[in-house]
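The same chain A turns up in both complexes below, where it pairs with chain B and then with chain C.
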Partner chain A sequence: MKINKNVALSDSGFVFNPSTGDSFSTNPIGLEIIKLLKEGKSMDYVKASLLKTYTIEEATLERDCYDFANMLMKFKLTEADEKAEN
Partner chain B sequence: MKKRKINIAVTGLNAIDSPGPGISVIRALRDSEAFDVRIIGLSYETLEPGIYMHNLVDKTYQIPLPSAGASVLLERLQYIHRKEKIDLIIPNFDAELPGFIKLKKELDKKGMKTFLPTMVQFDARHKVNLSEFGKKHRIKVPFSKMIFSANEIGSLKEDFSYPLVVKGKFYDASIAYSPDQVHSYFNKISAKWGLPVIIQEYVFGSEVNVTALGDGTGVTVGAVPMRKQYITDKGKAWAGISIDDKKLMSMTRKLIKSTKWSGGLELEVIKTSEDEYYLLEINPRFPAWVYLSVGCGQNHPEALVKLAMGEKVKTFTKYEIGKMFIRYSYDMIVDLSEFEKISTLGEL
Partner chain C sequence: MKKLHYERPIIQRLNVGVMNKFGTKTEYAPVTHVDGNAVKGLLAKYGSPLFVISEKTIRKTFRDANRAFKTRYPKVQFAWSYKTNYVNAVCNVFHQEGSWAEVVSGFEYQKALQNGVSGNKIIFNGPDKSMEELTMAIENNSLLHIDHLDELYMIKELATKSKKKPRVAIRVNMDTGVYPIWDRFGFNYENGQAWDAINKIILNDQMELVGLHCHIGTFMLAPSAYGLAASKLSDLALSIKKKFKKSIQYIDMGGGFASRNTLKGSYLQGMDLAPSFDSFAEEITTAILNAGFAKDELPMLVLETGRALIDDAGFLLGSVISNKRLSDGRRATILDFGVNILFTSFWYDHKISPAQEFSQYSEDSVLYGPLCMNIDVVRENITLPPLKRDDQVVVHSVGAYNMTQWMQFISLRPAIVMIDKNDKPHLIRKRETLKSIETEEVLPAYLKDFKL
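Let's look at the complex of A and B:
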């Protein structure tokens, strides 16, 4: 999963999609996920990174990341998955 | 750089809930770096707010309604010209454009320039001809049909499913969910704008619009796409944001190139969730939100003035993405004497 190149992110968690004009607010963890994806990291890398940083059960993290990824796709913030760095 | 003085007459001073573009156009002209403008407002009604906005409009004259005909309009414009020495007229209403287009040569001879679409361009993009226009220029247009009588409403179910859109030939559009609602909108719209009334397929999606300027040779001088963020019950954008939409920009350039569009225009488009674009309307003048173009770095009204005055204009190559406009309402306090002047003398 890759975040569209032109999606703008601010440190406050404000996300702007210039193609559609939509804007969103996300919490610090959401921001961290989007930033990593925007850097070209894979979702597996993101999950491993979150698992290392936060105290969370793997199954819960898996489910939450799945939901979040679906939301990103639904809001058209992603592009077709290409070669992502692990 | 010293600004050049220029007298510009502008219509569309009705900055109301369904606003005319005049005030936006004037604000853009006031921001011009090339011109020092004196604005002559041309109004139809005595309560058009722009008449009383003296910080924007220097002097206003009432002009006859389009139904009075071109010769009555010419006579009135000549009177105003004698007093104000108008260099350029920017009409901003669809309904008045045919009159100004007809008078173009006459006005030009008298020193009043215009920069308008031709009658052929004006007619080709008319709501009643939009299906044909779409076919000719290979642009998707929602299926539509003209009706001339309320008796035709019953048979609409053969061609349409509900909801559908009921539109006036110049303005107004309402979404109808049943034949009863079509009846009601048909009566309301035909009483106001005459016949035919246009019935259009309802396309689900987000409303995206473009304000643009064509130089008459096929070149797009400037274009700014916007997504409506807040829509009033009259379907007007109360807030919008400039977007980066390459398909929409390409559609705009293609249209201006193939029609050799001359003047300002607005494209009203629906973008579906499958990223398909349906052209709803082409308005043959700047939209009421044209001031957003200035906010995005493209002063379209100023560029139109230059084109009208026969000057070369550089095409805009970029615009700022993510600029928003948010409209607001504002109560002006006006002396009765001002209202009296415009009501009795026809000028203020």
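Let's look at the complex of A and C:
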């Protein structure tokens, strides 16, 4: 999944989508995920990286990332044609 | 390398300039302890969910209320409204503080007697009193508050057989500017029913009319309505004095003061809305003091305040079972308690706090209970930090009506703990077991066996 190129991020977790005018707030781990995705990293890469950094079991992380990715799509922060992919 | 603390990733749309419906940030502060006891420790020891009652808070609230009235009026008597919370330990804290008992059924009446309240300090209210219950109450010199004419005739009949003269009051309903009028209880003031009932009682002379009672509604936010009600009862008392040369011993203003909970659909938080005891006291006492009673004939003022005295002292502790995403994108959190034990979530948007530390990030959620029922919603909209399975929460101001209206439905009712003034917890009601439910069941012998 890819984050829309226009989406702007601030270090405080403020996310702005100029194409819809919507703004969002995310927590530090959410910001980390969005940043990595925006750099073009795959979701699998993101998960592996988080597993290394945080105390969390894989199953929970898997579930949370799945849910988070769905929210990114719902908020139209991802590139439209990649919808089907996780 | 030491790994970092994990928090579920969340993202939330910001609604610039629009008031959102998800409440305010006041719910954010974590509540890790109740009266010096760790939530975690209490749940580990007594199981989850768990009702916790703060004895300190009960006593403080009671003393605030008592002071508000006693500094304004010479004769004040509170009577604890049993239906609000009749766990014996709770009743006895009120009795230790000097409260009489106010009951509305034979069962509550017996509870009050068993707790050690003497019969003449029990007020017996309500529309449903059987002949046996009335007989018992007459023998004990209790205060019978008559609700309807049938009851009046029942007591008259019993009075002819008893050596005791029943001590009675009538419940009066009236227009106080708050609607709907609770006119299904008692005798109406405006249309003369109340005055007729008074005449019947006094002219008959088999009962002693000692008081006048009203209970104008519940969760009342308008102190002025009480001023009006107190004036109308005072008027009746003074008319009795004029016509029969007889002084009424007490005026009972019932209960109904709002607690600090937030009613569903209310834009403002209950905390900012509920009038103080002082403002209710000011209205009521001013009305009676100015009604025209002779100084030595001022009636005693009785109050049956329920929820406003106990709501804040009650907490419900519980745990998160699971998180879900609803089809419309909202986050849903399932808790191990629902409307079965938190009956008041039908009325209130209860304040709910997480019981552990968290970051400042939050998301909008729906809180569900564990029942397999669509109506099992604890909060429709609430903003909370991301909660995960086994995280714990504290629901505030649940002391009134939950521990009496709770249902044994699908799951067993939890334990209740009271924390005393030295912060020591005491179990005051055990968690129910299968046995507590089944002791009253009878299985016919022919239904014992089956083959599958």
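Side notes on the structure shown:
As a convention for this text, the second predicted complex is superposed on the first by the 79 of 86 C-alpha atoms of A that agree within 3 Å, B and C clash if a C-alpha of one lies under 4 Å from a C-alpha of the other, contacts with A are read in each partner's own complex, and residues count from 1 in each chain.
Keep this in mind: a contact is a pair of C-beta atoms (placed from the backbone, for glycine too) under 8 Å apart; a residue touches a chain by one contact, two chains touch by 3 or more.
Values in this document were obtained by computation on a predicted structure and should not be read as measured data.
When both complexes are overlaid on chain A, chain B and chain C end up sitting side by side without clashing. When the two complexes are overlaid on their common chain A, residue A:Ile33 makes contact with chain C while staying clear of chain B. In the superposed model, C is the one of chain B and chain C that contacts more residues of chain A.
When the two complexes are overlaid on their common chain A, residue A:Gly13 makes contact with chain C while staying clear of chain B.
Using the contact criterion defined above for the overlaid structures, shared-chain residue A:Lys5 touches neither chain B nor chain C, since it reaches no partner. When the two complexes are laid over each other on chain A, the CA centres of chain B and chain C sit 80 degrees apart as seen from the CA centre of chain A, to the nearest 10.
Minimum C-alpha separation, chain B to chain C, in the superposed model: 6 Å. Contact residues on chain A toward chain C in their complex (touch as defined above): 13, 15, 22-30, 33-34, 53-56, 60-61, 64-65, 67-68, 70-72, 74-75. On chain B, the positions that touch chain A within their shared complex are 206, 226-227, 229, 240-245, 321-322. Those residues of chain A lying in contact with chain B across their complex are 6, 8, 16, 18-21.
Touching chain A in their complex are the following residues of chain C: 3-14, 16, 325, 329, 359, 361, 386, 388.
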